[in-house]
Amino acid sequence: MRPSGRNLSDLRTVSIETNVTKHAEGSCLIKIGDTQVLCTASIEDRTPPFLRNTGLGWVTAEYGMLPRATNTRNRREAASGKQTGRTVEIQRLIGRSLRAGIDRSALGERQITVDCDVLQADGGTRCAAITGGWVALRLAVNKLLKAGDVVSDPIVDHVAAVSCGIYAGQPVLDLDYAEDSVAGVDGNFIMLGTARLVEVQMSAEGATFSRDEMSSLLDLAQAGVASLIDAQKAAI
Amino acid sequence: MRPSGRNLSDLRTVSIETNVTKHAEGSCLIKIGDTQVLCTASIEDRTPPFLRNTGLGWVTAEYGMLPRATNTRNRREAASGKQTGRTVEIQRLIGRSLRAGIDRSALGERQITVDCDVLQADGGTRCAAITGGWVALRLAVNKLLKAGDVVSDPIVDHVAAVSCGIYAGQPVLDLDYAEDSVAGVDGNFIMLGTARLVEVQMSAEGATFSRDEMSSLLDLAQAGVASLIDAQKAAI
Amino acid sequence: MRPSGRNLSDLRTVSIETNVTKHAEGSCLIKIGDTQVLCTASIEDRTPPFLRNTGLGWVTAEYGMLPRATNTRNRREAASGKQTGRTVEIQRLIGRSLRAGIDRSALGERQITVDCDVLQADGGTRCAAITGGWVALRLAVNKLLKAGDVVSDPIVDHVAAVSCGIYAGQPVLDLDYAEDSVAGVDGNFIMLGTARLVEVQMSAEGATFSRDEMSSLLDLAQAGVASLIDAQKAAI
Amino acid sequence: MRPSGRNLSDLRTVSIETNVTKHAEGSCLIKIGDTQVLCTASIEDRTPPFLRNTGLGWVTAEYGMLPRATNTRNRREAASGKQTGRTVEIQRLIGRSLRAGIDRSALGERQITVDCDVLQADGGTRCAAITGGWVALRLAVNKLLKAGDVVSDPIVDHVAAVSCGIYAGQPVLDLDYAEDSVAGVDGNFIMLGTARLVEVQMSAEGATFSRDEMSSLLDLAQAGVASLIDAQKAAI
Amino acid sequence: MRPSGRNLSDLRTVSIETNVTKHAEGSCLIKIGDTQVLCTASIEDRTPPFLRNTGLGWVTAEYGMLPRATNTRNRREAASGKQTGRTVEIQRLIGRSLRAGIDRSALGERQITVDCDVLQADGGTRCAAITGGWVALRLAVNKLLKAGDVVSDPIVDHVAAVSCGIYAGQPVLDLDYAEDSVAGVDGNFIMLGTARLVEVQMSAEGATFSRDEMSSLLDLAQAGVASLIDAQKAAI
Amino acid sequence: MRPSGRNLSDLRTVSIETNVTKHAEGSCLIKIGDTQVLCTASIEDRTPPFLRNTGLGWVTAEYGMLPRATNTRNRREAASGKQTGRTVEIQRLIGRSLRAGIDRSALGERQITVDCDVLQADGGTRCAAITGGWVALRLAVNKLLKAGDVVSDPIVDHVAAVSCGIYAGQPVLDLDYAEDSVAGVDGNFIMLGTARLVEVQMSAEGATFSRDEMSSLLDLAQAGVASLIDAQKAAI
């Protein structure tokens, strides 16, 4: 029933290649099916002004998409002079999600910026960015630990994300673009390794959903995130 | 236990005053406790380019906050030259939510822009904007119906929204600023009159939540939205 | 002869409601006929860089108009990314005018920002903003005096403003939109309580005026400002 | 008493050199003392959208100042990405003023843009821009007349401008920078050849003025504008 | 003598992987040593306005660099709201260079946009972008030929580019970052398959060069470009 | 053969008038045929952040063109809110070129900004800007020397620039607009008084060139720059 032939509760093939760039403190190229996101983590010894002299660190994220990551070319945001509302929403989400797995006190007064750049898009880019972004963050923090710059591990748990939605009347896991573009209801579910929830964003365009449907999607998401966290573990 | 002395499942006092401006096709001033949002609906006989010759209409929203709507003055977005990420996220949410209650085919090729401007903020401004925005939209559509510009009512159901969160370890309804600023978990729940869900946005900053907690918040939200829809009915 | 039936030298009904927002140090909602402007005064313990270590304070103003304050919806300035030339001109005028009534040395090194946001427009919004802005400023300064933060009153006189113009060949006081939109000549007159002039802006679009006409308009303005200052006195 | 040794009612030396650029339809370099403004008029066979199919033309103006036209270098507006409030105010004033001397119906559906670029500033640049801008406009219109593109002369009168102010307690004509920078009250007076007023902008920073003082300044301005119009006549 | 141990006239290892994205009409990932640029070519059936109804096509380019493509993180241009001067210069150069190998009449009224995004930077990114961009362009044009959308091949020759410079007093080919950051003189040489020159950009910062040195650099460049064109041929 | 009747190796008439503005530390108006550029040099006792506490100074340049410097009016960059790519490229070139003639250590920690504003354009504006900019810089540095603010002369050599191109199949010196607009190949050559090269920018639009042609253009440029340096010497 799904365009890809997957079962309702099937993730796409997941691949996480680490240390893909020579400059970043942590990096990976995550592929979820045909969606490819290059994630890098950059450490800076300064924090945003509101954290000065608090002893707390910060993790933030930026998100971008190459103009031809999509089926038809999108205008380059740098050329149009501003990030779209969609981009801003997504990068705020990635940042909040990654901070949920961090002990900012253990991190100390430094900032890690996670850049997530979509090289190829086929649905689920923000979830792939969170899942891959966590790997880049983990690798960068490992460098801090190894160098003795932080003494206790600031990463308290895995963070991973998956989308689910109602496609052709059925709850399905990990929508690809062919599904996402027609699904009336979809959601992004961000969870820790403990399965506690970090963020739930369910949204409908031209449709609505019941609590039962929401519950089914949460079930799918929980299983999907568990698999993604296994992939994170395998990668690092 | 709550700073305001409210019970866990108490809404703040709700007031919706309609037809508050002489120019807009529909308008109301909604007050949820000390939060005050002026909502206007403006009808234009044109649609965004992507809808031309489709026979479908569009409902969109813009959100703003007066610089001194808050405890300390915020920079005026018009002066800084761009809307913040928060503003962009909120106005996209309002638009999506209101479209969930509209039959865009019955509306025909016209656009209704709902402006939600926060005169005074005390938590929950986006939910107040949705609840009040629906009233402004309803009144504007009434004008179209009365004038015979549309023949069947494009509004298919009420749309209202409420926030819930975990404050001091307890699930509470309708957070005010004193609660919202310290709650680790909060969410916005947008629902129809039928209690079907339109959008769920649960988010945590420095905390996480379980499915049981999420379920409790949904229970609170369902009751809260029902009361808000009663207030909408009383107002129009 | 006037669309509103007023006499040539009649002001519209004036109403000034004070302390309308809970956050601002001073605030009022001024209504001049159907023109409604919400004015707030915000005190900050810092001055612009050019005044540092001079012992002098600063009063500045910002002006905005809600998108549907007018008969047809205007584009939101925050969305278009810049303030129009008209907005910039008006807020510079308000700031200059209010500073004329202030002893900046008595104010000390602090800044008061007066925000004037037009909720509903029917002509004369900049004059209403000045007249109401002064009330907000007065109330904010009262707080400073009461708290002992300033010792001598930095406010040296009332400041109020009114528009006059030549409508249908006759000098008239306090143009509403129906008049303003067709008047070839109009002017804004800002005066102190002593009737000394602070600013005179007479301007013509597609017309010109004689010195005699200018003199008649000044006579009208002087009487109008006196009435507005009475309204300010009654309000505070 | 004046820094320049001029009498209270003395204009600075005025020089208007015409046809100074080979490309523009009309141009002049106006020098009022050390203030130098290059004015060009450019004709385009299109009008702003709001005038299409009305048979009316438009005259508009833009104003700029070279970064080192002033005593200390100012930031280039093109580099900072926006025109300052002062620039916007001035160019709107120039446009309104020049339109007062034009029969837009006789001009027909075309636009003339008058660019006024200050090469060297020593006070009074906006007045010099109006006086010189009119000459550039006159020369451009002469080309239209000569080519038979317009049949009756759209220019109905001269437009010229001068500043006056209260310097050291005395009303003085045509303030240079040394005076302007300390004068508490100054004004710009734009008039036709008939001595009818087009625009009066009197403004005070840290001072106020009486009607008698205003009257004295108008007397000075009237004489000053008359001399400037003589200079315009001599130039063309 | 070179940090990399290369001989003066050695290119770095060149690799060109084609068809690396599923959406673009043509694409490649070019690696010149550690410099990696993803090039995509997107075909649109419209041209810039200045070419409408001329029968001519257009090839243009955009250039970007991921924030952590470099040793320290650069600010994302989309976030800062504008492209830097360097970016603008480079993308104009890429566009001009690629157009030199195109018969725009044979291309017909369509536009091909070549996006060159630097995934990892180690010197010579603009040259890699041109060399790889040509491959993406070639592949996209092949699609047009295969589909019969163009009848004669619009590509008239190869275009490739290499940098040369004076490092430690010696002319060297294909500078990497370690060399580029200290070379006082460097240049970019863009040539056709015929060895005719398309563009020469020699520039010095804190140094100058003689005609003899320039000649040596041209000799190196000619050999380097020939090798790069061999790599292009092998790739397609 | 040339539209102007000049020989292939003829420069246009060169005129350099110095000290043309009363405010700038150095200034000149350079005319190369009908191209006129006003150049001013402004000294500031601060450097860009990256040079603080290095003992080194900085020379930078900005370039602008009046809207009607050209045959048809161009949009004012300050009004459009950004400098075009062409402007950015040119001002970076001017800055780099002028720095080639400066000993930044002798200059000390100060910045000189050279503004080059094109009053009238007829081809070759960037070269005129460099040649005239050097004169303004020389005059400003003379002031520093005279005042004893610098002890040894930071200017180590002349810098001048000329364009050459292939017009109607022939290499020609100093293209005017009539030639430049049709030449397929043109270049800008910046040299010192010693004839050492500072920058060579050869570029083709719709054409290419051989090394022999490049050599001919360099010959022409060398003679042209020598004449321009004579003109600089005569001016100062």
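Think of it as A, B, C, D, E and F in the order they're written, each chain with its own count starting at 1.
Definition applied: a residue touches a chain if its C-beta (ideal position, glycine included) is under 8 Å from a C-beta of that chain, and two chains touch if they have at least 3 such contacts.
None of these values were measured; they are calculated from a predicted model.
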**Item:** Interface sides of chain C and chain D: same vs different residues, half threshold
**Value:** same
**Prompt:** Which chain lies the greatest distance away from chain D when centres are computed from Cα atoms alone?
**Reply:** A
**Fill in**
By Cα centroid distance, the chain farthest from chain E is C
**Prompt:** Counting in whole Å, what is the centre-to-centre distance of chain B and chain E, each centre being its mean C-alpha position?
**Reply:** 50
**chain A and chain E, separation of their C-alpha mean positions in angstrom** = 33
**Asked** What residues in chain D touch two or more of the other chains?
**Response** 81-82
**Asked** If you start at chain D and step next to chain F, which chains follow, in turn, all the way round the ring?
**Response** D, F, E, A, B, C
**Request:** Report the residues of chain C in contact with chain B in the complex, numbered from low to high.
**Result:** 21-24, 27, 34, 38, 40, 42, 44, 62, 64, 66-73, 76-79, 81-83, 87, 113, 115, 117, 119-122
**Asked** In the complex formed with chain B, which residues of chain A make contact?
**Response** 82, 85, 88-89, 92, 96, 99-100, 104, 187, 192, 194, 196-211, 214, 218
